[in-house]
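In what follows, subunit A forms one complex with subunit B and a second complex with subunit C.
And now, the complex of A and B:
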């Protein structure tokens, strides 16, 4: 298993290089000119040249790329030219608020979706199943923005159950300030997740071993919970694990509407301001997390399903 | 195979398992609801002022405060030599940390300031020699702070206010740039602390705008101890002489400011403009500032939560989002009766800005000063009518701009009517034909640059439709804001929309947008160049405010209208809503320290 994990990690290195190269090329071809923004509205050609020189943006592209790789390896992206904060501190400061929203939201969604997915698969074709599936399609059809606008107006403003906006640290303030966005996340995600888990379970119910188990005379609930559920774990775990590392990246729309100072907002602000130092850090971080999630999924897949070989 | 099951088939053990699953899913949900029920708000002073900003704050270092929001935030802990009178209009400069307005030499180049004695910086651990007690402010602190503005390491977007204007400061900057580090011990000829409380500034040439610069946040004074002690973290640890000190923050998003106990004695003004007495603006005359014990500033990047927070009384004043305009303002542009019943007031002020569509004056088709190009621009100006846009996009909170100078700025001429403004299709077609493009024939689609925001896209569609009336086609190219600004500076389009808000209350601040030596990448994005306009601009620079300068400004406006390097857009009005318990709110665009004058009356807050 260890050699398999090591092999997987080594195999990600070319992908990571590819990602860094693409990110670098994209920033140098597309996007605005950060020197213009730094120079301000009274910019002069001399000031812009000074800024380019100071940041090394007048150096050759290979040299700039080498510098970029050094930043990645040392996880030192210097200081943001927009916020004037060390990029590392910005990221570390944003992770907490983002996770306080995404972690409970994700796990709540997953738990509820698995429970509902199992139930509707259990009652496949009956009215419960049909109502839930229709509900899921309806839920998926409503954009998150609609949930936010309604939730914020009705539950926060009209009923006063939750704060309209703002993020507080400490317990229970923190929980209170993310409660509504968490509920909205759950509402938005449930439709897709329930359908996914329902399908994953139903696929297993069509397998031969289920027929065999029934032929042996096992009670249906036992067949369902002991055999079907266990074998459905592979796609379920795949779906869950791949998402976990990306929870760090936050949820821009929810963060923005509810004033949660998380990573999602930091990334979008950086995009709007040509804050290349932050953008580089965020794109590389996201790529790393994605690759990490994929690798973890592969490893876990082997663990939950012995039929998959370590090769 | 379908599972044909009923609840009755499920074994007791399995039901228990399902129940556990449901219970584990519902536990966190219960926790959320519980937290909502048990949540107790942190105690804060009853007269806390709650305000909002629509954009994140880019740190609290004055040399980086290049937008309105950062300017406001740094004005809580920091101060400069001068400030604007809170109530008087037209805007008037009054001393802040200076004892009085400066003594100016006869040649108009040397300014001598006396600094108030006994002003203390806020207590802070950076003052190691005094065990954390804030020391007294001296003239040397200004010299240090302004060198920071010129230090290439800080890349201050505000260096322009001294660059080339104060004797020796550009050389100091260039030497630092060359050496790779700034030598703060090296003197600057034009910037001297004559003694502990006397500061002398020598300019390269007389400037009637210079004093305005000294009220801008870029020039606020900081102690060298704090900048050195906190280093890169200085932007999060403000240490100034101002009315508030930072007690809590989420950098960029939320700042809690408490009254600075060592703030100098400053009193609420006892005079204002006509009507201020009747409006209640002088009720607190002579009272010690600040009038509130705490200011809480929260960033609301979206308009709905800001509006709902205001309506719920969580914000003491607010702007009016476009989507909520009809809820707040009646057809007669007064406060909506429903809000009026709650005591909410409407405060209106000129925005002191101008929007415009700039032509690329270096473009072979629309640019240049040939009669043909000029007539083409005039025709387009006559076809692009901003009057419908005022209702559609600004809810009527704007007036059509006749020239570059907005109302409320010294030099604005309300009688001036631009001969190439307001829709006149017949005349536009005539000019277009004279330019050699009858009904637009022979004219390729004009590349119009726009940001990809929904409002700008809609505005582009409106302009496309208007120009289609005379046979001119727009090739609209949208991009993100950074790409849009880069494209403009690189002259990639033929026409683009832009806006400018005053940095100081002098028409020069708008006219410099058309001065040829400020051509892009400078603020003259259009790269307009007219030697006569330039000559008048340079002449006006040295003249004090008065009839002679105003006459020159009016002449320049006429030249700009005739040459039509811009299609003049609108001058916006700012509408704010204020709760009944919030007193003394009078919009002062240039005075970033306005919070200290605002009073919260807790007895009126239910």
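And now, the complex of A and C:
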């Protein structure tokens, strides 16, 4: 098992390099001269040269790449050209607000989705199941932006139940300012998640061991709770775990709309202000978290489901 | 006993030796029975027709002229006013149609770029294995390790905003899922008897890959395209909404972006129109994707 985990970790190294390479090509080569972008249209040649020198863009490409790798390893992405703050401080400062939105939203969604998914899987083929499945497809097809805009308009602006914009730290205020974004998150994700968990459970109900359990006379609830549920835990757990590292990154649109100063909001601001350094750091960071989540899932999968071969 | 007529005999023979049906024909027969799926195909064709007609300049043109006062609510007085007007007094109905043109073109062009890449790389990796496989797997693992919206934002950001960058960004990133599936299928198929038989009569690698195996896995391409098309539409709306997508012409994303400030003035119709237009096409693709999977992937028959 330990050697398997080690092998999994080692196998992420090419991917990690691939991502840094991809981001480097995108930001430092494909986009043309980033100094021109930062300096703006009316910059003098000296100013451009100065920016280039500041960021080390007057060095050779391999040197620039090693510098970029050093930035990643030391978690020091320099200073933002827009906010003039260290990028690291911006990221660290955004984690708290992001988590205060994503953690409750994620666990609420997962809990509700698993409960509904299990219930409709149990009542498969009956009207409850059909209604929920139709509801899921309808819910999935409504654009996320519509949920956010209409939600903000009705619940915050018209009814005044929630704040329209803004974020306050501290215990009750914080809950109040993330309440509506959390509700919207749950609404947006429920369709996908319920469908996923329902399918995960249903896939097990077609297995031979279920037929055997029924054949030996077990009552349906017992078959479901004791056999089906246990075996469908593997896909359910992996689906949950893969999401967890990404919670740090927050939610772009929700944070941006509700003025939550989390990582997602910072990223959208960076995009609007062409904040090169921040966007680059965010892309690398998000990718690394995703790779981390994937690796954790692979490991967990083996741990939860001993049938999976350790190869 | 009655004499058999020639027609009866023909019937009998047909009954005795049923005509062979290919995987696709089989799938199509199943699909035709699925009324909901047919309705969804109808919706997609309708959107495509609207997009083509708008492209040809037959309908909804010119969209950038004043048809009524600023923020006129929807009315049935004339067709352009049916969804009201925006702050310039332009027809929201025309803008929705122009937005459909953008969305359908984004879906089409990005799939035309990503599908050949996915098929070729997946086929090569799955069929030849070895270092080719390792390179392809590394390539798509790397691409799929960057969260897709972040990757799209990064590509469009560095290439410069606009429709061209969106086509390219979506096309160059959307091949991963198809490539994965095709690679897996080729790995399974390359040692099947029919491929070995083709090899034994001297079929080249090229012929085995494209003439023998590919038709047997082509249904996965259709399923994947139906999903990628929808993802492309959704991605375009988000990118245009963020201001790095379509410039200077209406798109559902741009309309939703405009509408976010209009809501507080009570002008809900631009947001509603763009959202509804998007809802129906996404819904159609969602249902169609499921129906295609049920109809074309025989292994999943009877599931769900």
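Methods note: the second predicted complex is superposed on the first by the 295 of 311 C-alpha atoms of A that agree within 3 Å, B and C clash if a C-alpha of one lies under 4 Å from a C-alpha of the other, contacts with A are read in each partner's own complex, and residues count from 1 in each chain.
Note that a contact is a pair of C-beta atoms (placed from the backbone, for glycine too) under 8 Å apart; a residue touches a chain by one contact, two chains touch by 3 or more.
Because the structure is a prediction, the values reported are computed rather than measured.
After superposition onto subunit A, the modelled positions of subunit B and subunit C overlap sterically.
When the two complexes are overlaid on their common chain A, residue A:26 makes contact with subunit C while staying clear of subunit B. By the touch criterion defined above, A:18 lies against subunit C but remains apart from subunit B after alignment on the C-alpha atoms of chain A. Touch criterion met: A:287 reaches subunit C, while subunit B stays clear of it. Once chain A of one complex is fitted onto chain A of the other, the partner contacts of A:82 are limited to subunit B, with no touch recorded for subunit C. In the superposition on chain A, A:129 contacts neither subunit B nor subunit C. Looking at the superposition, the partner that touches the larger set of subunit A residues, subunit B or subunit C, turns out to be B. Applying the stated contact rule after C-alpha superposition, one finds that A:206 touches each of subunit B and subunit C.
After overlaying the two complexes on the shared chain, residue contacts for A:153 are found with subunit B and with subunit C alike. In the overlay built on the shared chain, the residue A:252 is in contact with subunit C alone; subunit B does not reach it. When the shared chain is aligned, subunit B and subunit C each come close enough to touch A:272. Stretch 472-480 is the one of subunit B that runs into subunit C, the other listed stretches 184-192, 472-480, 508-516 or 544-552 having no clashing C-alpha atoms. Within subunit A, the residues touched by subunit B in the first complex and by subunit C in the second are 30-32, 149, 153, 157, 206, 271-272, 274. Of all residues in subunit A, those touching subunit B in their complex are 30-34, 36-45, 47-48, 50-51, 54, 79, 81-86, 93, 104, 107-108, 111-112, 114-115, 118-119, 121-125, 149, 152-153, 156-157, 160-162, 164-168, 171-173, 175-176, 179, 182-183, 205-206, 210-211, 219-222, 224-225, 256-259, 261, 265, 269, 271-274. The residues of subunit A lying in touch with subunit C in their complex are 14-15, 18-19, 21-23, 26-27, 30-32, 137-138, 140-146, 149-150, 153, 157, 199, 202-203, 206, 246, 249, 252-253, 267-268, 271-272, 274, 279, 282-283, 286-287, 290-291, 294. Partner subunit A is touched in their complex by these residues of subunit B: 1-3, 5, 9-11, 14, 17-18, 21-22, 24-25, 28-29, 31-36, 38-39, 42, 56, 58-59, 61, 64, 66, 152, 155, 157-160, 177, 232, 235-236, 250-254, 298-302, 304-306, 308-309, 311-312, 314, 480-486, 489, 518, 521-523.
Subunit C meets subunit A in the complex at residues 138-139, 141-143, 145-147, 149-151, 153-155, 157-159, 234, 237-238, 241-244, 253, 256, 259-260, 263-264, 268, 271, 275, 278-279, 282-283, 286-287, 290, 302-304.
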